[in-house]
Structures are given as structure tokens and as C-alpha cells.
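As written, the chain order gives the labels A, B, C and D, with residue 1 at the start of each chain.
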Amino acid sequence: MLPKLPNVEVRQLSSNSETTTPVVDHEREQMLEAIKLSLGDSLVDSHLKSGDDLWIRVRTDSWLGSVQKLRDQHSFDYFGFLSAIDWMPSPYGRGEDDPTEPAPVRDTTIRSGYAGGDTRMQVFIRLVNSKTHLGITVKVDVADSSPSVESLITVFAGANWHERETHEMFGIDFIGHNDLRNMYLPADFEGHPLRKDFPLLARMVKPWPGIVDVEPLPGGDEEDSAQSENSDAS
Amino acid sequence: MTMLGDRQQLSYIASQAADARLNLELETEGMTLNIGPQHPATHGTLRIIARLDGEQVVWAEPACGYMHRGYEKLTEVRTFPQVTTLVNRIDWLGSFANEVPFILAAEKLMGVEAPTRAQYIRTILFELSRIANVSLFLGDLGVQLGAITPVFLAFRDREYVLNLIESATGGRFHPNFDRIGGLKDDLPAGWIDETRAVMKKLRSFCDQIEDLLFGNEIFQSRTRGIGVIPRDVALQYGLSGANLRASGVDWDLRRDQTLPMVWNKADWKVWTHPDGDSFARCWVRLQETRESTKIVDQLLGAIPSGPVMAKVPKIIKVPEGEAWVSTENPLGEMGYYVVSRGDLGPFRVKIRSASFNNISITPWLLRGVYVPDIVTILASLYFILGDIDR
Amino acid sequence: MAKVPGLVKGLGVTLGTLFKTTVNGSNTVQYPHEKETPPIRSRGVIALHQDNCTSCMLCSRSCPDWCIYIEAHKELAPPRREGGKPRQVNLLDRFDIDYALCMYCGICVEVCPFDALFWSPEYEYSEPNISDLLHDKTKLSEWMETVPEAPELEAGADKKKK
Amino acid sequence: MIALLAEVPYWGQSLLRVLGGLVAVLLPAGTIVYVFLFKMMSFMQSRLGPMEAGPYGSMQLFAEVGKWLQKEDIVPDRADARIFKMAPIIVLVSTFLLVVVVPFGPEAWFTDFETGVFYALAVSSVSVLGILIAGWSSANKYSLLGGLRAAGQLIAYELPMVLAVMGVVIQAGTMNLQKIVVAQNTGSMFGIDAIGHPYVISQFFGFIIFMIAIQAELTQAPFDMPIAESELVSGYMTEYSGFRFLIFFIGEFATAGVFAMIASVLFLGGWGVPFTWFGWTSIDDVANWMNFVGPLIMFTKMMLLVFIIMWIRFSYPRLREDQLQRFAWKGLIPVALINIMVTAILKVVF
């Protein structure tokens, strides 16, 4: 019994696949058209990667309604996950700075991903149509000042724990969810660990062993040692 | 459909109300039973707080987080090759299967595809880790229900599979064998024949477990009709894997998704069960293990020759983009939402682990069952603590 | 199949295993008295071949757990050829692997460009004290004796790259 | 034994009886633990079991006892200390009380009690008391649940046990265990007296019910809900450690041995072999050496029955508490009642 695959032309990827032939993804395109039609104003932006995936972004105030429509009208009835993303690059890098030197200044300009975004943080969910097995990633902006968005627990009961986790990790409020207790951390924990400006202590308490380099000759180093060139990890 | 969300939402209030009701109507006092975090039934450190009326659960809620290791944060300070060794440890019983979706997501972003031989070996190892994982489940199921022998049989036969994984990858539990663009190494000589022999043993193990447990009338009476999850609830909570298929949803990501893996080269069957109860979940897993041995057997004979590694640069920088790849892991749908910024490491990795969703249904499911059924239901939902807490 | 009740079948399985164990022996190994040989590729402990190490720091920098500590200094060595300029070499002062932190991922062994690190399948080096798990370069070099040859590859494999 | 010890003064007799009782309880218990719990279970699970202490681990039990005796005797803060400490002893005492009426040979018995069956069934429920107070006094919710389960279960299975024994009593026409043994070994079936008349054949349903009931009385799987390690950690034993746990542990297996002895007396002909083999016709003809061989025969029969009990224990999952009750009240008791009826009718007819 050979598996039935969705009607998508398989992307031909080779190891150096600069010349990928663009495939037409009729199913997802139709899906996107239908979603555009039914969501109307609520849909802010969308991004379609042929043969791969579909991203849409909806307006914050119509978050709950849009997801409800996606479930009821487009039969995205399977709840994959809900999470958030902080688009601000971490000011700490990978924690590999030399503690004896002044901390390097890193570019922390916020740059959003697929389907755009206007705020630092975005909440996104993954929904799948259980019949066609096509999925969609729905994003929504959350305001920087008071990050909050409507809760989805009335649409997908499974969102409960995901929203609790997201609340704990990003400090995003879910309006209508009255049980946003911490799942992992102690109740009196301060800070939101998955925000990029939350330092990872494990990488702060000791210096990176890779900082040290081979000690040069006492008389000065005339020739650059070829070996220490390999310090590529930044 | 009723507002299940509301029902679960109000669980705490309901428990209070239930107390009041008990006190008023029956003049009895409820009892709060704390199961875990250290308890024989919670294979890991899951804590369940249950409110009991006699032996009946009025309200129960799992409290997790005793094993939260913050992998999503840790991935942000690691380079792409360093992540695989971390994600190995999410579902520690089927660890190879954890690597695959992450590597596939990274490959997708880079536009690289592993050579066919690597795809075959990946798929075989993936299925082996499923067998290793689920065979332990089948044994553990016995322990949860009071039968002590199955777990030893499971440990006995899982050892063969772990030996195979170790001799191929070098790691018994944490293979770290996947690389972006292929595999670390090829298989050692003689491995294929060994695997065939082991698959035979595993099939007879499945028969033994079926005779010892599944056919047992006591086992059936303990599991049939216990913890029924209807189809629409299963979808709402995002259950996956055998839990979803046991509720009658014919959905297997191995079959219903195009990935550079070779499951479609083998002839196998996706088992579903209409009942949605504990027995169905266990039974689907048993059948899955059998199918996995079949897949492995078929793929072993079809491994093409060639390299196992595509051409990738030595220092891997993944182009900017977002990718979501999920695979049908032993526990269910395991996926990674990888966001890259063209850096050495991922910008953000959302780990969608199966057990987190699977176990989030328990407050809904545990209402009104008996204390022994808590154990049955948890065992049949099958979670790995590392997979819940990540 | 429906003829034999499951209760009886279950008894048959345990009794069968009882006989099998009596006749064929058990599947367990009486550990301190007999030992299983781990597969060649087993990642047991990392061995250091000091002569090959150029203290390039690659392993230390690619370690996800930051558990490799290297210190080295440069020295002038006599030239290779007669009359040449004296060479600059890196001399290893310290090469420690903290096995209390190590995740046994093998990235260091892989990135090593000079074949100085190897996996050995030895596994019996547990210590009552956690600080004793920090193996220094002498101890790491001792493991070199236990490093096996790489295994033959399965039919159809490309010839080995490295 | 009375005849053998006639010359010994009373205090000496008493001492010997106590020693005999200890041997009769502890020796089977130790053997059962080693042979079945350590070795048979391990072999059924493809492993060897303890191998280090003594040849083939035969001294393991002594090592374990030594370990337990060394452990601190912990009493939880909020436990009812005096009762908590008493509970295991009550459980073990009930075993000793039980062994008193078991005949081991034509003259090797502790007491030749005319209503032995009645007495045995009565004292077997004393252990319930111990278990219940252990569960209650531990001040632990798991223990409480375990104790309550145990009480419910032991009471529920007391009844089928009594009813199953009724059939034997009707058939033998006596409540004296010694006379039941003699009746089985001197009887004949359909005129053939080669194997005597062990009641396991004529009282087959009674035997099955009795075995199921003692499986439940002993809280062995599939009836081990009071202990239920995957649900209740260890039920009523959760808070016990050291030698108090040891007493529970010994009590469990000693009771298994004694119950198996009673079952072999009631259904398998006890210490005897069919008397016709040696041309005996009544208890008075039985040769004196039977007082020494009898216990061995008894022991063999006991081991056979314990093997079945343990075999089932190692193979089956656990029932749920409500299923167990349903099984007792709706399954076993009606069958046992019918069994009694049929036995009584047949007894009257023939």
C-alpha cells in the first residue's frame, strides 16, 4: 500500500541547489486565496513558500476571530503548538565574550521574519488541516508596551498549556486565560527566560574556555601562528 | 461541540465546588493526593495533584517542570552542529528520532538534501529508535498495571536494538549521528545482517507481549473503556502519534508528508483504532512496533550504495529563513520551528514535543476515574518527562 | 486463537521463558565477573594523542559544554632541515577534559584537524569524587592504548574520507 | 507428636512446640522467597537473580535480613507510634496462629483441634486487623488507601474461602483437619482406591475458588491492590522500614506457605499418601516413620501450590479494586454456593 501524498510536486533538491526549479503549489495557493477572502481585513500579510509552507499574519485585535474562522471555515482543526518569538537579537551573543574586556556592542535592531511584523515579539501558532494534512503558521503581533493577545482556549482547548508556557517564558498575557500559573519555574521567578534580553546564566558564570589563546613567545610573535586562525566561532 | 476549553479552564473552581458539594451532600471530606514527583508510576518526575472522593478522582492536574532544562534557550547559544547533541536528550528513549526533524529543518533552510544512502540509514535508525522506545513502553505498561514480567522482557529485547544503535553510531542513548547534509559515518560491516536477526527477535517479543498482556482478560478489563478520547477532542488538544490514531484519526506523518526520508519506499500499514481508550492506544503502539520491524527489514535490503554525506561547508552558516519540520516520532509529532538569521547558530528554535500536548489533556481526561486508572491512563498516553519539560 | 484464553497464554509465556533461561542461560551478564565488549565505535572516553595536538583550540571552541580546557605556549624548536630557520611550535601545557560536564557528543573528535583526539570504548572510569572526573593530558594520553581501529564499513559505502 | 513427647515435661513440650512452630513458619517462608521470589521470578524474566551471596545466591535472604535488621526503625512523626509498631507483629502472629492446627503427620501436629477448619478460617482474618491498623496509623494517604483496600479485599475474599471449604467439610463430615487428611487418603473414587480420594477432584470448583481466594488473601497479583506499587507506592507498607518491614515481608511469604499447607490438607491429602499403597486402613495403622516423611510430603505439596500462586503472580497484571469486589461477590460467591448445594445433595443421595 503506497502512501497517498498531498498533491504537491516534490521539490528537487540537490546538494548544490541554486537552480531549484520553482514549483507551483496549487493547493496552498488556493488555500491562501480562500483565507484572504474570508479573513479580509484581519489578514495583514502572508508568505508562501511553494511546496513547503504557508505563513500568515493577522491583526492583533482579530486574533481569536481569525483562528476561529481558520478552524471552522478552513478546517484547520488540528492544533500543533502555540509559542512566541522575540525578534530582538540577543545583546549577549552566545556568551563567549571575554569578561576582562568591555562587552562588545551588538546590533539589536529588530528584524521580523516571514509575513513581516511590527513589534518586537510575535505569537505564532501552527494549525494543520487533518484531512489534507496541510499546515499553516499564523502569526500575530503583540504590543511592545503591554504584550497581550486574546487567549485561544475557547477555540482550541489544547492551547491552555501552551499559553501558560508562553506567558511564563515571554511574559505575554493571554486575555481570557485565567490560569496563567508558571509551569516550569518557581512561582516567584522574576523575568522571562526566553526573551532575548534575559541572559543565560550558565554562559555568564564562567568564561568561555575558547577565549584563551596560545601564549606567544616571550620575545614577541613575529609570525602569526597559523593555528590560531581557526578561531572562527564568534 | 461543547466548550471543552471552558470545562478545563474551570478545573480549579470545579474542584472547589466539588469539595463543597461533597461536604454538603455526602458529608464526606475530599482528600488531596499528591502523586509524585517521585513516584513509581511517573517514570520521571511528573507530579499529579489529585483531589479524591474515596478512590474517585474529582479533579486532577499534572504539575510538570521538575525536569525543565531550557533547551529552547540553550539552542540559542549553540551552533547548529551543537544542537543535535542537545535535542538527543529530549525524548531519551528514542533519541535518534529527535535529531532528524531538527537536521531536516536546517537542511531545508540550507537547501541541502542528504544523499539517498544517508536517507535510508536515517530512516532505518529512526525506526530502530522507535522500536527501542515503544518496546520499553510495552514493558512498562505491564509494570504500571501490576505485571512485573513484561518490563524485563522489554529490557531484554530493547538491549539488542540499543546494541545496534550503539555499534552504528557509537552512542547507546545519545547517538548524535545526524549531520547537516547526511550522517557522521557509514554503517559498520555486518550491521545489516545483525539488524535482520534482531528484527526477528523483536517480532517474537511483540508476540510475547501480546500473549502476556494484550490477550490477558485482566489487562483488557483494566484498559478497555478507560480514558476515552473522542476524535475531535484529540485534534483540539493536538494529540499526536498513537494517541491520535487510537482515536480513529488516520494520520501518520511518515506517510502523509513529503520529507527527504524513505518511508514511502517500504510497504507498511498505518494502524488506527476506533475506540480511543487506553487499550486502543496501547494496541496501536504494539502494531506500530511490528510495522517498524517490517519497515526496517524492507529498507535494509534496499540501501543503495554511495556517499552518506552531501557537500556542505565545514563551517555551517544557515541562510536566513524560517522552517518547520515535524516527524512522526515514537511519542508522536515532534517538530522544530527553526528561525535562522544567517548565523552560526539558530536564532530561535521552538521545540514542539509530542508529550507536552499529549499530557496536556490529562486534566480533562482524569476527571471521575479511579486512582488505579490514573496510572492506566498516564501509562497509555505514554509520555517521557524530558519530552514534556524539554 | 480465540480458543486459548489470554490468561492461560500469559502463563505459557512466563513458563516458556523460565525453561528458556534454564536451558539457554540468562540474558544478563554478571558484571564485575564478566564483561561485555562495547562496539568499536562506542563513545566511552576521549583519548588524546599529544604529539599530534597543535593546541589550535578548535576542540575547545566547538565544545557545546565548554568542558575542554587548553593552555599552551610557543617555543622555538630546532629546524626540520639542516640550516633552516628554527620553527615555532605550540607546546601543550594543559589539556583537560571535564567528564563531569562532557555530553559525549564527539564534536571535538570530529573537528580535530590533526587527528589528536580519538574515541575509546573504555567506560570504567567512574570516580567517587566529582573533581576526579577532570582528566588531564597524562590521563587522556593513557587512554590512547585502548583506542581500537575504525571498523570496516558495510557494503556499498563510500571509501572512508578521513 | 504428643505420643512422641509424652515423657518430656510440659515446659519442654511447650518449648519444642514453639521451636517447631518457628520452623514450620520460617522454613517454608525462606524457601519460598529464595526458590520462587528470587530464582523463579528471575528465570521467568530471563535473568539469574541474586548470585553473589553464597552459591547461586542462596544466602541472599540472610544478607537481606541482615541489612534490614541494621536499618533504623523509623516511625513517622505524625504516626500513631504504638499501634504503628504493633501492626506488623499482629500480621505475623496470625500466621503462627494459623499453623497451629495444620497436621504434619499422623502424630506430628501442634494441636489436634476438633474444629480446626473453623479455627483456621477465623484466625486467618486476624491479619486484616494488622494491615488495617498499619494503613491507618502510618498517617500516610497511600497507606490509608492501601489499608482500606486490603480490608475490603480480605473481607470480600474471606467469604468465598469459607464457602469453598464448606464443600470439603460436608464431604469429609468433619472439621478436624487431621480427619480430613485421613478421609482423603482412605477414600476411594468409583471403587478405585489407588490414589485415594483427594478432594481436588471431587471438589474441583471448591479448590479453584479456594486458590483464588487465598491468592487474594495473600494480596498477590492479580489481587495486589493493597500494595500496588505503581499506584500506592507500597500501600500499607509504605512507611515501614527496617525490621518492621522485614516482619511484613516474612509474614507475606510465611502466610503464603501456611495457606498453601492448609490448601494441601483440604484438597491434596495433606501429609498422607493413599493408605492402600502400604496396606494401611486407618490412621492407627500408619507407620511411625510417616511422622518424618509426612512433613516432607506436605512440604512438596505446599511448594507445588505456592508455585502456582507465584506463577500467577509473576504473569498477571493487577485488577482494579471495584473489579475485584465484583469478581468476589458476583462471581466466586454464587459459584461457591452452588458448589455447596451440589455437594450437599450428592452427599445426601450417596
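Everything that follows uses one rule, which is that a contact is a pair of C-beta atoms (placed from the backbone, for glycine too) under 8 Å apart; a residue touches a chain by one contact, two chains touch by 3 or more.
Protein identities per chain, from UniProt: C = Unannotated protein.
Predicted model only: the values in this text are computed from it and were never measured.
Chains that touch both subunit A and subunit B: C. When the interfaces C-D and A-C are ranked by how many C-beta pairs touch across them, A-C comes first.
Among the chains in view, B has its Cα centre nearest the centre of the complete protein Cα set. Of all chains, the one whose Cα centroid sits at the greatest distance from that of subunit B is D.
Rounded to a whole number, the gap between the C-alpha centres of subunit C (Unannotated protein) and subunit D is 54 angstrom.
Centre to centre, using the average C-alpha position, subunit A and subunit C (Unannotated protein) are separated by 36 Å. Subunit A and subunit D, compared by their mean Cα positions, are separated by 65 Å. Chain centres here are Cα means. That of subunit B falls 28 Å from that of subunit C (Unannotated protein). Contact with two or more other chains is made by residues 44-47, 314-316 of subunit D. Residue positions 78-79, 149, 153, 156, 212-213, 216, 218-219 of subunit B are each in touch with at least two other chains.
Residue numbers of subunit A whose C-beta contacts span two or more other chains: 233. If you check each pair of chains against the touch rule, the ones that pass are A-B, A-C, B-C, B-D, C-D. Subunit C (Unannotated protein) contributes residues 5-7, 9-10, 12-14, 17, 27, 38-43, 62, 64, 103-107, 110, 119, 151-158, 161 to its touches with subunit B in the complex. Across the complex, subunit B is touched by residues 41, 44-47, 141-142, 145, 221-222, 224-225, 228-233, 314-323 of subunit D.
Contact residues on subunit A toward subunit C (Unannotated protein) in their complex (touch as defined above): 206, 208-210, 212-217, 221, 223, 225, 227-228, 230-231, 233. Contacts from subunit B toward subunit D in the complex involve residues 31, 33-34, 39-41, 55, 142-149, 152-153, 156, 212-213, 216, 218-219, 221-222, 370-375. Residue ranges on subunit A touching subunit B, taken from their complex, read 1-6, 8, 10-11, 13-18, 20, 51-53, 55, 77-81, 83, 85-86, 89-90, 94-95, 111, 113-114, 124, 126, 130, 133, 135, 137, 153-162, 169, 177-179, 182-185, 193-194, 196, 198, 200, 202-203, 232-234.
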